[in-house]
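You will see two complexes here that share chain A, one where it goes with chain B and one where it goes with chain C.
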Partner chain A sequence: MTLSPDPQFGDKLINLMAALVLVLQIAMAGHRWLVTNIRIFGVQPFLLASIAATIGWFNHAPHLYFAAILTLALKGIVVPRLLEQVVQRVGIRQEIEPLVNQPLSAIVSGGLTLLGYVVAESFHRPDAGGAPESLGHNTLAVAVSLFLIGFFMMINRRKAVTQVLALLSLENGLFLAAISLTYGMPLVVELGVFFDVLVAVMVLGVLVHRIREAFDSMDVSKLDQLRG
Partner chain B sequence: MILPALFLVPFAAGVLSYLARRRQQMEAINLGAFALTFVLAVGLAAQVVRDGAVEALGGFLYADAVSALVAGLTALVGLVTAVYAVGYLRDDERNGVLGGAPQGPSPHAKLRNCYALTPLLVASILLVALANNLGVMWVAIEATTLASVFLVGFYGRATSLEAAWKYAIIGGVGLSMALFGTVVTYYSARALPGADTLAGLNWSVLAARAGELDKAGMRLAFILILLGYGTKAGIAPMHTWKPDAYSEAPVPAAAILSSAMLNCALYGLIRYYALAHRSLGDGFVPQLLILFGLLSMGLSVPFVLVQRNFRRLLAYHTIDHAGIMVTALGIGGALGTLGLMLHMTYHTIAKSLLFLCAGNVYQHYRTDVFHDIKEGVIRSMPLTGAIFLMATLAIVGMPPFSLFQSEFLIVNAAFAGGHYLAGVLFVLFGAGVFAGAILHVGKLVLGPVGPEVPAPRRPWRDSALLAMGALLVAIAFWLPGPLLALIRSAAQVVAGE
Partner chain C sequence: MTTASLLPALMQLALLLAIAPLTGGVMRIAKARFQTRRGPGILQPYRDLHKLLKKGMVIPDTASWLFGAAPYVVFLSSLLAGLMIPMVAADAPLSFFGGVLAVVYLLGLGRFFLALGGLDSGSSFGGLGSSREMTIAALAEPAMMLAVFTVAIGAGSTNLSTVAHAALGQSWRFFAPSQMLAFAALLIVLIAETGRIPVDNPATHLELTMIHEAMILEYSGPYLALIEWGASIKQLVLMTLLVNTFFPFGLSPAWAAGGLPASLVWYVLKLLLLSGVIVLIETTNAKMRLFRVPELLAVAFVLGALALVSTFLF
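So, the complex of A and B:
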């Protein structure tokens, strides 16, 4: 089968995959088990990489393939494994125990999605939907929503690992914004982004481990000695 | 050739220190590298004053007066704290506070971490100042966070880990917003020629054609950048990591964080201010900056007044000064930006000196709570006590010290620019911080004669203190011509005149 280079088709494909990423993000916000959360997080990069590859295909921007492969390797494979290892090594409880309960979290996430669409309104250009260089511009709303839901998850969760996870899913939103708004930033920047995600996870991984040693717990709400 | 060498020298020093086996080697590598970095930074400043902006590596590195000023201040703080750190860390090792728990890292490994991470931190701050591409600048700012997280958690106590955790998470969120802002800036610049090349995000390119940037995009980008780099600079309400991080990091590192790293975060903000202000004009951008600046100043007042811990007091003081500088940036114009650049210079010298004094007091009494120190510091540590008091007078803006001049200039600029409410609040908040700091530090230094034994002579630290103290006094009366020229042209770069 040959893939027809019809921009309309590409636009629909990208919208579909972006919607799936958003659904996964809301599912993450509403789910109660830690390992499931990490696995849902692990699926998102596959979709993001496909979006990057699709935009790269229609725009003839080969460096986006590189970004897609990096995303897949780092955020799709390395990072989830690392996080699962941390979870196993420190043997924390599997339940997430958010501050706001799960059904309400899902509703809040829905509200944040609405907010994302309002913020992205001024960038929305429905008339340009057909041109190849504007592919995926309309996914900015999804990117902003991912970002906001990531924020919400950070506030809503008390365990150190879940906060790291929320930070990383927030960065997924960034990646989507970067590829959809600018069809890939200059390559130096992409490299930097991935390098930093990787190192950040290592830093946080070490810290998570040492917090466990020092507090016998992964509950960041116990980190309250420093005040005033 | 100065530009690449300037950040590669401390970078190499970090790597070498990590490989070194003995303490003396690490000390020698650090001292040598920071001395060389300082010479290079002075050389760069001289070149910029003489020839204007310079480029290297095909436009990848770019230094105008703002970069040269920030790099020079960073190198100065780096050198002085490197000298100080030799004495401080030797005492730490002797006092056994580096730990030696059965499973934990050995004291030697910890020492190595500190000696390797400090030059890496300085190297990334210098890269922030020298990078032309706004994306590379963001990467370098993230690198400063990575290097400093381990410095904040250095002592491995429960409180240090808490501080490091807060710092990493809040800093991470801030930087993600800054990256979003960088992405949106790139989007706003998509119509410029060459936008799809590597040079598309170069500041020198964007600043020349700032008028053609997409206005809606720049508006969103500036909000995100202000929140993002504002978190890194510790302006309210994103400041909560700051008192914890500054009071838990080893004192030489805290001195770098409170002066050089603050400058580097403000530097990022200044670069985007220049773009956004040229694109959007007066109104939105200055108002937002003044709002956040005054909020930081106002918020630090009660915390300075009731503070019980002197390192946290200094941290809230830094929040106040970050607010002052952001307000000055918002007031803008020739006068406001000149005040900003002068204030940045003076604050760097005074604040790092204060942290070095606080480190001496902390190490001698083994506490940083005012209440637990029963005697006047000046009784057993005359030099430290005297310089501590002097630097406090300087930082709260007491004439004849130079921070009075810069703050006076900023207030002048506020009234001249029609920001009457901002000017009045600026003076009020300044008075509040003045009262709090003088009260606390005055009591600490000039207390009664107590039972403590006088401190022994500390050649490394005393010489660092004396050098920085002499500099603080000297610039109160005489600012060298070339330095003033550099500061003036830095202000012109920001004001765009």
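So, the complex of A and C:
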């Protein structure tokens, strides 16, 4: 092979892309508009797919390419489209209106990232970066931070669509942890997870529509008001 | 100071004084072209300075000596800060005097006196502008310090010449997430500190939401020229800090005649590129409401904090 893979270079590339995913996640937590939020979410899978492809390239693990292509197609293209359609159909207000205001959300997300780093520190091996097998192990901290910020966004938001978005970004964290620690799960498991996500988005889309019809609002905190 | 080190200092001084208004002129004309206007000539800032220096001054009756002292402090502090950063060679002429902390707080001193000058004029606009300027400065400073510490940890020193030498030694250092995040944080701080569009509009003093222009509304003639020149030097200093610590390509390691011309060309190219980025941000964004500015700076703060954390992780 003419293009000799240098694991050191791959490691740097993966770190850079993982950091970008994290920045996008914090941007989602701190951004004000729903449609922009969906678009930011749509960029994340591109980076995740590139990380998966890079790990696959350096470890000669072709099944990771499938995972990368599936991520790109489903989470990068299909799911954002579906969500934008839901938003248009329901015609909700564009502003997200979280419980904690945006700048504070961004700072809380920063704090959660710190927590993620502290949790993942015991798995951190700085000198193992040279071997292709350990490629991307250091992104575990990023993956943990992605979960935590995803959870925070779910708690912080009132409307059902924004909570779906938070759930999906949390799932991105899971994907990152899976590919960076195990070089990807078996393809059957991956496929299962992807279709799960797709079905979840579709079901939630319908559910959002029903909530809207029943309560004239997207605010899930109104779900405790029963109608006779 | 020996004569050997005096020559670089004089050269850098001349460069600072000459290039600073030009950078502003280039940005102004690039912005005009983006908006399909013709724009003023590239030398317009020089003409403005020349005109202002010839004019007489009107000084408010309520003003004390502070009103007259502020322009000199603003001008000299930014000039001094400019001599402490590497411009075309990695060895800055006054780098023995202090590192990046001294640069940041010299600029802070200039801003403090400008705010005092604005208050001293006794007009309500001056006070308004000063209060806004200090609010933004207080929010931008933590973000800036976090980003600066990230760079300093990467190089093992807060001395900018050491930082530049270290950056020259490590190729592809920009690939590290910490450097990239610190760069993003510093870019937001640069926009806030130099009063560019999402934060403040540099082109007008006719808006009620103006910040920098409100502070200097009572200044005229040579004092105004000094303040404007000082502001453009401050902008150049911050831009140089950004391009030379993060992209040190082409920076000559020492003040040797051989490497300087190439280094100067690289420096101008990098400045033009950064100006282009800033102009692009200015034309594609609308000015923020004043109460939204803290949100932008909170983002810069989080980016800076992430940069610092990821220094220890990756």
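We adopt the following convention: the second predicted complex is superposed on the first by the 220 of 228 C-alpha atoms of A that agree within 3 Å, B and C clash if a C-alpha of one lies under 4 Å from a C-alpha of the other, contacts with A are read in each partner's own complex, and residues count from 1 in each chain.
Simple rule for what comes next: a contact is a pair of C-beta atoms (placed from the backbone, for glycine too) under 8 Å apart; a residue touches a chain by one contact, two chains touch by 3 or more.
Keep in mind it's a predicted model, so treat the numbers as computed, not measured.
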Return fit or clash for chain B versus chain C, each positioned on chain A through the superposition.
fit
In the overlay, answer first, second, both or neither for which of chain B and chain C A:Ile26 touches.
second
Quick check on the superposed pair: does A:Arg89 touch chain B, chain C, both, or neither? Answer first, second, both or neither.
neither
Report the partner of chain A that touches more of its residues: chain B or chain C.
B
What is the contact status of A:Leu114 with respect to chain B (first) and chain C (second): first, second, both, or neither?
second
If you stack the two complexes on chain A, which partner ends up touching A:Leu204: first (chain B), second (chain C), both, or neither?
first
Touching A:Arg81, do we find chain B (first), chain C (second), both, or neither?
neither
Between the C-alpha centres of chain B and chain C, what angle is opened at the C-alpha centre of chain A, expressed to the nearest 10°?
150
Distance in angstrom between the closest Cα atoms of chain C and chain B, superposition on A
19
Applying the document's contact rule, which stretches of chain C touch chain A when the two form their complex?
172, 175-177, 180-181, 184, 294-295, 298-299, 301-303, 305-306, 309-310, 312-314
Okay, in this complex, where on chain A does chain C touch?
12-13, 15-16, 18-20, 22-23, 26-27, 30, 102-104, 106-107, 109-110, 113-114, 117, 121, 124, 138, 141
Contact set on chain B toward chain A in their complex:
103, 133, 135-136, 138-139, 142-143, 146, 149-150, 153, 156-159, 161-166, 168-169, 172-173, 176, 179-180, 182-184, 186-187, 190, 197-198, 200-201, 216-217, 220, 243-244, 247-248, 303, 306-309, 312
Please output the residues of chain A touching chain B within their complex, sorted ascending.
119, 122-123, 147, 151, 154, 160, 163, 167, 170-171, 174, 177-178, 181-182, 185-189, 192-193, 195-196, 199-200, 203-204, 207, 210-211, 213-215, 220, 223-226, 228
